[in-house]
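What follows is a set of structures to go through.
First subunit A sits with subunit B, and in the next complex the same chain sits with subunit C.
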Partner chain A sequence: MLSIENITHSIDAWLNSLFNPTVVLLVESLIVGLCVISLFAVLGLVLVLMERKVSAYMQIRLGPNRVGPGGSLQTVADTLKLAMKEGLTPDGADKFLFNLAPFVVIVVAMMILAPVAFAKGLQIWDLNIGVLYITAVSSLSVIGILMAGWASNNKYSLLGAMRSGAQIVSYELSAGISVISIVVLTGSLRIQDIIASQQDGWWLFKGHIPALLSFVIFIIAVTAETNRAPFDLAEAESELTAGFHTEYSGMKFALFFLAEYVNIFIVCAIAATLYLGGWMPLHIGHWAGFNRVMDYIPSSLWFMGKTFFLIFVIMWFRWTFPRLRIDQLLNLEWKYLLPISMVNLLLMTLIAIEGWYF
Partner chain B sequence: MIQEVGTTEQGELVINLGPQHPSTHGVLHLVITLSGETIKKVEPHLGYIHRSIEKMCESLSYRQFIYVTSRMDYLSSHINNHGCALCVEKGMQIEVPARAKVIRVLMDELTRLASHQLWWGAMAMDVGALTPFFHAFREREAINDIMEETCGARLTMNYMVPGGVMADLHPDFPKKVKEFIRFFRTKIDEYDELVTGNVIFKSRMEGIGYLSAESAVSFGCTGPTARGSGVSCDIRKLYPYEVYGQLQFEEVTATGGDCFARYMVRMQEMRQSLSIIEQLIDNIPEGEFQAKTKAVLKLPKGEFYSRVETARGEFGVYIISEGGTTPYRIKFRSPGFSNLSALDHMARGYKIGDLVAIMGTLDLVIPDIDR
Partner chain C sequence: MVFLSKMFLKKYISDVFGAVRSLLKGMRLTGYYFTHRKEIITQQYPDNKEEMKLPERFRGEVVMPHDERNEHACTGCTACELACPNGTIKIITKFDVTPEGKKKKAIDTFIYHLELCTMCNLCIEACPTDAIKMAQNFEHSVYDRSELTKKLNKPGSKIREGVE
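Up next is the complex of A and B:
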């Protein structure tokens, strides 16, 4: 069976036969770093193109179709254009923070990638508090956004950053509680354990209505956390022109843009891991034949398929819904999502204790 | 008390919305005083696209000045032309042939539809939904194609002239319009499904930007803006011109006074316009499309006023003539200017996001305000 696990193992064995363990660790870290950076680049290119194509078909347009076959190289051309542009720093801006902000945002996005399991055996760092690590690190990105808004010396940026701060801090809560409700079921914070517990069915189906509810809340909350429509108040084009990144140009803008798309990928990957079994193929109870057929589909394909389906759903939101207002946004979180997810967590705990899940 | 420019109280923030801003739909400049996100004061600054059209008209003949008025409210160019032609006809006492009257009303209503379609798309875009804009443009394109066949233009029509219309209808016109009506009747239901019933959209519109009937009258608001507050002000009903008196249609009013009421008024007006077109399209009388007029028009000494209902409200044309070939003085009463004056009153105490929604429901066209 085609598996990336074998490839990584053979690379490890090969390196070990050549060098001593310390050098191997260094070389492997370097390889992983390069992989993450190139994954970033590829994800950015693919997701931006996907967004443009999805929006185009929803808006009765064709989307980019001139550069490369079917417009596939459009984002490459755009990136080249952005790379060649001048990175302006506005007068009166805090130069150090202004230039630092995009890197904070992008580094945070890179860090969250560490515990995500892309396929069977393809995971950068399987740490035992994986889920906690993800929720902790993902809340750091708000610092970068606040930095960008504050340092820009622009009132639109400031308003956008303040909105974003309020939004991310609030929506983290219900996202976190949704994650905990799965942790309650699995009894482990390790990503591999969570995936392994979905061997004979995904939590979305096994956990009855509370799992479904927490899945919906999680998707809403992470859409808000990544500043995507209908919660894109931080950049609210028709109100604040571009919100916190109004003053950014060239590659610094591109980094914000890239971080946004990578963040979407990450949150969808986490949702797929927690609720849809990550790289685990679709298994139904005792249908041995069916399960075996499903096992023939490579695990990386399962993971990517689930993740990209969720990404499509989030893009679908963006191109359908109007934007909420800031007070409605906070009302939604504090008056509806948070109480519901708390009650839901209690229900989930009851289910876990009584062992009512399948 | 007049406050010195640029001074603010403690904790207030002044931001300039425009003149280059995605949601002012043109070069409107709003100076907003904010406390947090809450609006304390909105001050529109005008003049960025002032072309002094009224002064220009004084040196143009009565046939020529109509062309300039297409450039005011470019989304209702037919109706602007119509108002000016009516005023000149009133002064010259020209009897317009029956066919021309019907053609004018048909064109007016198609223009109203096209304008409301564009407004619908832009309105949805203002509250953050980008897709409806493209759907609206698909339907508007059909109207533009119909217009292009008959008038030769897609935006600045210049089709109405004193005495009738410039050219006869294209032979395909009735067929195409009927096709369009059939097509658009299904699409307008889609508009309702996509936007009107949306929970987020409703929560963004209901109870926002309240304008009472009294304030609507005192600010001089007209059109859907005033009708959303329950003020009956449809010129087509109150002072019928052309064949509007013989048609079956309703003046749409709503009592809410909020953004959603104004939104619903425009949505209903689209259906009313469709029904007006349906009534007329099979009954276009035969005959002349333009009355016989002299080569050089001269209005008798005196003052003349005519008013029409554009997609945004009452458009008035006031001509003072000294008996020459050009007007002595011309004044246009444009609906956008009066509607904009109510913005400050409507937006105070709401959030920035609401301001954008309120501006959307006012349906501002900046060249119409600045002239």
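Up next is the complex of A and C:
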């Protein structure tokens, strides 16, 4: 049977037959890097188009419908336009930090991609502390945002960056606690183990109400962490023009834009991995027949389907909810999400110790 | 232990549930719009020029309807000119002599500056005889600015019998 796992293994074997192990490692890193960059490009195009279409339909509009069939080439045209534009650096800016910031943001996004399992056997780096790695690296992106805001020498940018910092630092907590509650159930930080533990059902269903609660909290927290509406005060068009990337133009702006959408993809992929079983097909307990039918759908399709469903949910949030004020934002985290998720973690631990989950 | 009092917890929990309920309500509405394409109100303008339907209250420009005998309902009272916030309307009046030999105020020229008009509808509301109304036409581009200054009463028209 043709699967992605076999393809990667055959490429590995073929390269090993040609070169010595060091060269093979280098060539494979290069291939993986190219794959990641092309994945980023495709994700940027697809997600921006999806966002524009989803927002249009939710606002009783049509959305882009002129460039290409049904407007499908609109984002390609937009990217071309951005590539042609001049990348200005303002006079008063800290030139080095200003130009470095977009790359920091995009590199962090690339780094989080490493432990994500895209399909059965398709994972860049299956390290034994995958979940810890993800939570650790994802908080680095705030450095890029603060760098951009500070170096721009612009009030809007600085305000946006500060808000973003406060936001990411506080919401990291409840996101982390939600992740821990799944780790408590699986007893492992390795992504493959977490997926394997969902062989007979997803944690969202197996873990009763605490799992559902931690899933909801995780989705809220990552929406805030990716600076998306209703938590988009970091860029808040109506008050801060564009927040931390006000001064950016051309491809540097495009990198920020791309990083935003790639981050959404990544957090949704992680949510899908932790709560919806990653690439694991929908299995219900011991229904052998049903499980075998579900296994016929390729694992990559399962993963992409779950991830894009979650992305759709996050877009749904964006086009429904009004933006929070900064004090409301911090109230929500410190007074509601954090206490609830702590109590929830206790409940989850009780369930895990007593073995009440299915 | 104020923070653990029964009232506090009750309010806290009801706050959370109330928030979740109202957020889900909003999501249900946008979800309904997302799944029901027939609700889309966008007019694909240049493509549907023939069959395009504008809302009844759309305000395109001020016109003065004339009937088949070339008669209008304007008495020249200048209520519209006074109502206009930015000097779009200028009315030049004259005195007609009635058969009985009495002088009667009438309209000579109704000048309408489309280029100044903000389509605020105040003149139409001010008109006591419903002599002017808003038209649905909105394709106003011309090659010369002077074409936008319009004379609304047609040449040779006169006021309809019985309109005071």
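In the analysis below, the second predicted complex is superposed on the first by the 356 of 358 C-alpha atoms of A that agree within 3 Å, B and C clash if a C-alpha of one lies under 4 Å from a C-alpha of the other, contacts with A are read in each partner's own complex, and residues count from 1 in each chain.
Here is the rule we use: contacts are C-beta pairs under 8 Å (C-beta built on N, C-alpha and C of every residue); 3 or more make two chains touch, one makes a residue touch a chain.
Bear in mind that the values here come from a model prediction, so they are computed numbers and not experimental data.
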item	value
Which superposed partner A:Phe321 touches (first subunit B, second subunit C, both, neither)	both
Subunit B versus subunit C as contact partner of A:Tyr336, first or second or both or neither	second
Subunit B versus subunit C as contact partner of A:Thr241, first or second or both or neither	first
More subunit A residues in contact - subunit B or subunit C	B
Which superposed partner A:Gln59 touches (first subunit B, second subunit C, both, neither)	both
Doubly contacted residues of subunit A, that is, touched by subunit B and again by subunit C	58-61, 319-321
Sites on subunit C touched by subunit A in the complex	16, 23, 26-27, 29-31, 33-34, 37, 39-42, 44
Residue numbers on subunit A that touch subunit B, as the complex places them	55, 58-61, 155-156, 159, 163, 229-230, 232-233, 236-241, 319-328
Subunit A-touching residues of subunit B, taken from the complex the two chains share	13, 15, 21-23, 37, 124-131, 133-135, 138, 194-195, 198, 200-201, 203-204, 351-354, 356
In the complex, subunit A residues that touch subunit C	54, 57-62, 65, 316-317, 319-321, 336, 340
